[in-house]
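Below: a set of structures, written as structure tokens.
Each of the next two complexes has chain A plus one other chain: chain B in the first, chain C in the second.
Right after this comes the complex of A and B.
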């Protein structure tokens, strides 16, 4: 099991096997991004991997009052962002897990627990997770409902492609696109949208 | 049992009728008081003399006295400097209760400091004080009451404000608390404990003054009738300067300072400065405090007045008065739909003690007593029954 060297970006608020939600403070928000690979280490040392699918910022009565105000001194905007206890919520789609040194692109046997720490995966881990097996984790993303799947896919593939190419693997991205075509062959309208989004990335 | 709504329903007409009567009286009194204030404005020296006469005769008096500024003076919003330090504090408390298993008292003070013009995130602090056993009981052995706890809280707010103010700053410093500046407002207590608190209050004020710190109290929606009482004194002694002062004979009750001034001040304007004359047989003589009324609204049709209190030593320092005026209006405008100083609201957020925290602290204390094998004590039966789960 690798030692986690990065700083946690948030702590878990709620979870089930398919997805989990973590809270973080605004000052921790500069690292996580839509489509980024993250992980949570469980007490049994297994790790649950997921993809950030939504980042939302909560409000309260005071923030709503401030938002309708005419002028907010920059110091008070900073007060609301950094001091007040309004966490940013990071929603994560579970993509797989690691147990006893092996990776699985399947849902984990147990979800993480509340207040488990959420870590951002570095490029090496992104390459290791996405390079494992035959892109089986993509099916979890394509199953998403009421989410901008194309945008999440594009964001994820761009990050993963960059990491793989930096590691000298230039075949990963074309093969990922081929796999997407196979997975979406029964859903032509969606395939077209995904391919349009991917072509916009070029 | 729920409220007997039928009984309330039966009384609604009477309530509305009496409210209308009360409001009509107040409206009538306001018309008279408004005429008197116009007259008083032209005889400011006589107003001062009337107040002085009453002060000499009355053992208890709570009124206003004109300062060097004309009574009906209106002072426009000064330009707010870009750089200044504003520190607000607010407190809340757990009052000791003989009905709980353990008697303790906790004071929680939330403090927040902003360096305007720096772009920096404000610094927020929470100070929590558990009162010692000897502070918890009076000399006759009974638990201290809510007024005394409030007094401890107010003193702590001011002490933490003083301690938190930067020792050296190139920018002016304003400290702000919610409510009157004078800590001895409610019914108080006597003896050694009063002297200790009084000394502490005087010392804080002395240090604030020595360091040039503007120390202000903000009273939202003030209900006091200090100016109206001053007008009563003026009218009383105008009839005959030799008439004895009778505290209980007031001509035009029910006219608040707010009512007298709310249509006289435009958004951002302040009233003239008045001295607060607060004299009581049961209270120690406290700080010399002044105030002005400030229209913190930005809507000419919807005035909203606050009373701003500050130490009398600031009266002649126009720069400090202007800074207090401008900075408070600016801070209240941050929440312009509900104008109230933003930083004071934040201090309140920080200070607030919830019931769950009350229970948590009590459990912490009792667990510590368990280690010492001391008896936990028991709740009163009344408290135990009240604590039963509700349907």
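Right after this comes the complex of A and C.
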């Protein structure tokens, strides 16, 4: 594996084979986005790829005190945001992994470890990962429970489409939609919700 | 069905139109269509290669389907982005074909594969297409039959294999094996204006050209022998006599017959002595005969033998038939009907009524005491020598003429052919020449009531053994006795409107459900459905046109019109 050129956006808090959570500082929060492709490099040089499915900011005792105060000076608020004790949490759904230079749209043999660095994939990597094989990674997204799947899908497809089209591949997006229809056609309400969301994106 | 050498079997180059997704032999096979629905029509002939077998079937229905009916119930294009909607429609809406499997043929491994020669050498005989006994596998690709497939099943056009028309999708020639066709009785059906007469003309031309059987055509409406004019287009329609001058004998009924100036080859007069009581009983309805007539006619024949008719007709009745004897009593004269009735113990009133009714026959000009020539024997001789006879009824177009003459002649033919067959079997003669008797308006002779009395039902049932078969041309097949219909080997049906007629044509055939729909949707004048024993499997086709090109193709260059003007005139311009 080459040296990672992409931007680190956080460090892993916890992980299993299916998903992992990274923490980042509020200062770093302008980089990660819902539906973005991220990766973690493991010690054995394999890489685990995932999709940002949720970004959450939890409260602590101080925030509660501040929020219940009559008025908060702006410097207090800024200080609390930037120097808070708890990090912003980025939840990532595992989509696949790379090992010995080969991509797999399967769950990795082992999850990443805590404090491993989370990197945002650039467009080239997004094209490489999503263009590999026959969209098998979509099944991981569709398996999400209690998540706004269609929103995550739309954010992801919009980013990936842009990257593919910028690289000159205009077939990727229609084929991805076709694959989605095939995967979801037995579930009419869900498919139409996804298609409604995709249509709204056009 | 021809014997196949697998080495010569065609390999279909058509792209698949779909794949097998279910079904069976009882119900039809289900085929998921992968091309636009409009590229396939009901009636399409399809081929499926699965394992070592090639299956042949017929599309009987096309059905629209959806993975979930909700995808079909709204216009997706209005709700979603057009590109997405089109992807969605493609993946959730589809067309299924119902394919009636008809035949299967063992084709073995791919020629050239190592196991091919092994399979080939293990064959005890060349595989022939046989009725389906198993099904192709799931996902077997389905292709429209190409030219080679159709030739494998229906034969290649030749002198005795007659091209009736083309497949509707791709226009490949579909042929009828005339040698097989004449082995059993057959029928051509269609409503008026469906193109039935033109079809019959073409088949007859094919039969005469093939020269495998003689044909006797009872031409009730003077359509087949002489050139005529199309009732629809006003175009000139060439007759068989003009095209096969030396092979066809045009016979006119009655000494005075002539047809638009063309003289018949000879005329037919029937001697009174040729009429039997059965011939007369056949006309019972037309002549309004009573039940007692049968007994009277039998008595007449017993007494006077073959002269019964002329003798009876010579008897007197009415006022001139009585005299007053010495005692002043009124008594019938010796040569009167009453005297004969008294003599045989019959009721005088009935006898006189019969006498009166039979006088109607005397007005038929072709019934004479002493015919000028032995035309009846001449017809039979001509047919036995391999010629073809068109008997034109000329001006005698009444049912009574048609019933009497066809029955009488056919009875003579039956006697002649039965004798010839007996001679052949006892090695005293040559094999009899096969004969096809062509009967128009067949329901008049073969309806439920008449079928038991006329000779024709016997021919349809039994005469195959004696080399005589019927070709029935009719517009109301439902009126024909079902016993007779079920005997018909080959049936060629043009468009039929009536449900009963459609059912009658399909009687006794498997897979009627699908064929019924196909038959009901035939385009008049354009399309016909061939089915029955004489064709390997049912198939709807676009029939050939009966025009100058037909004759050019059939007879070759010698028939070509001399000039362009001639050609145009032939086509009615």
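Just so it is clear, the second predicted complex is superposed on the first by the 200 of 202 C-alpha atoms of A that agree within 3 Å, B and C clash if a C-alpha of one lies under 4 Å from a C-alpha of the other, contacts with A are read in each partner's own complex, and residues count from 1 in each chain.
Simple rule for what comes next: contacts are C-beta pairs under 8 Å (C-beta built on N, C-alpha and C of every residue); 3 or more make two chains touch, one makes a residue touch a chain.
Just so we're clear, the structure is a prediction, and the values are computed from it rather than from any experiment.
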| item | value |
| --- | --- |
| Fit-or-clash call for chain B and chain C when the two complexes are aligned on chain A | fit |
| Touched partner set for A:101, first chain B, second chain C, both or neither | neither |
| Touched partner set for A:195, first chain B, second chain C, both or neither | second |
| Touching partner for A:76 - first (chain B), second (chain C), both, neither | first |
| Geometry of the superposed three-chain model: angle at chain A (Cα centres of chain B and chain C, steps of 10 degrees) | 160 |
| Contacts of A:66 with chain B and chain C, given as first, second, both or neither | first |
| Which of chain B and chain C A:168 touches, first, second, both or neither | neither |
| Three-chain overlay, closest Cα atoms of chain B and chain C, distance in Å | 47 |
| Doubly contacted chain A residues - partners chain C and chain B | none |
| In the complex, chain C residues that touch chain A | 67-68, 70-71, 79-81, 83-84, 87-88, 90-92 |
| Chain B-touching residues of chain A, taken from the complex the two chains share | 62, 65-66, 68-76, 78-79, 81-84 |
| Complex interface listing, chain A residues touching chain C | 174, 177-178, 181-182, 185-186, 188, 191-192, 195-196, 198-199, 202 |
| Residue ranges of chain B in contact with chain A within the complex | 112, 114-116, 118-122, 124, 298, 333-338, 342, 345-346, 349 |
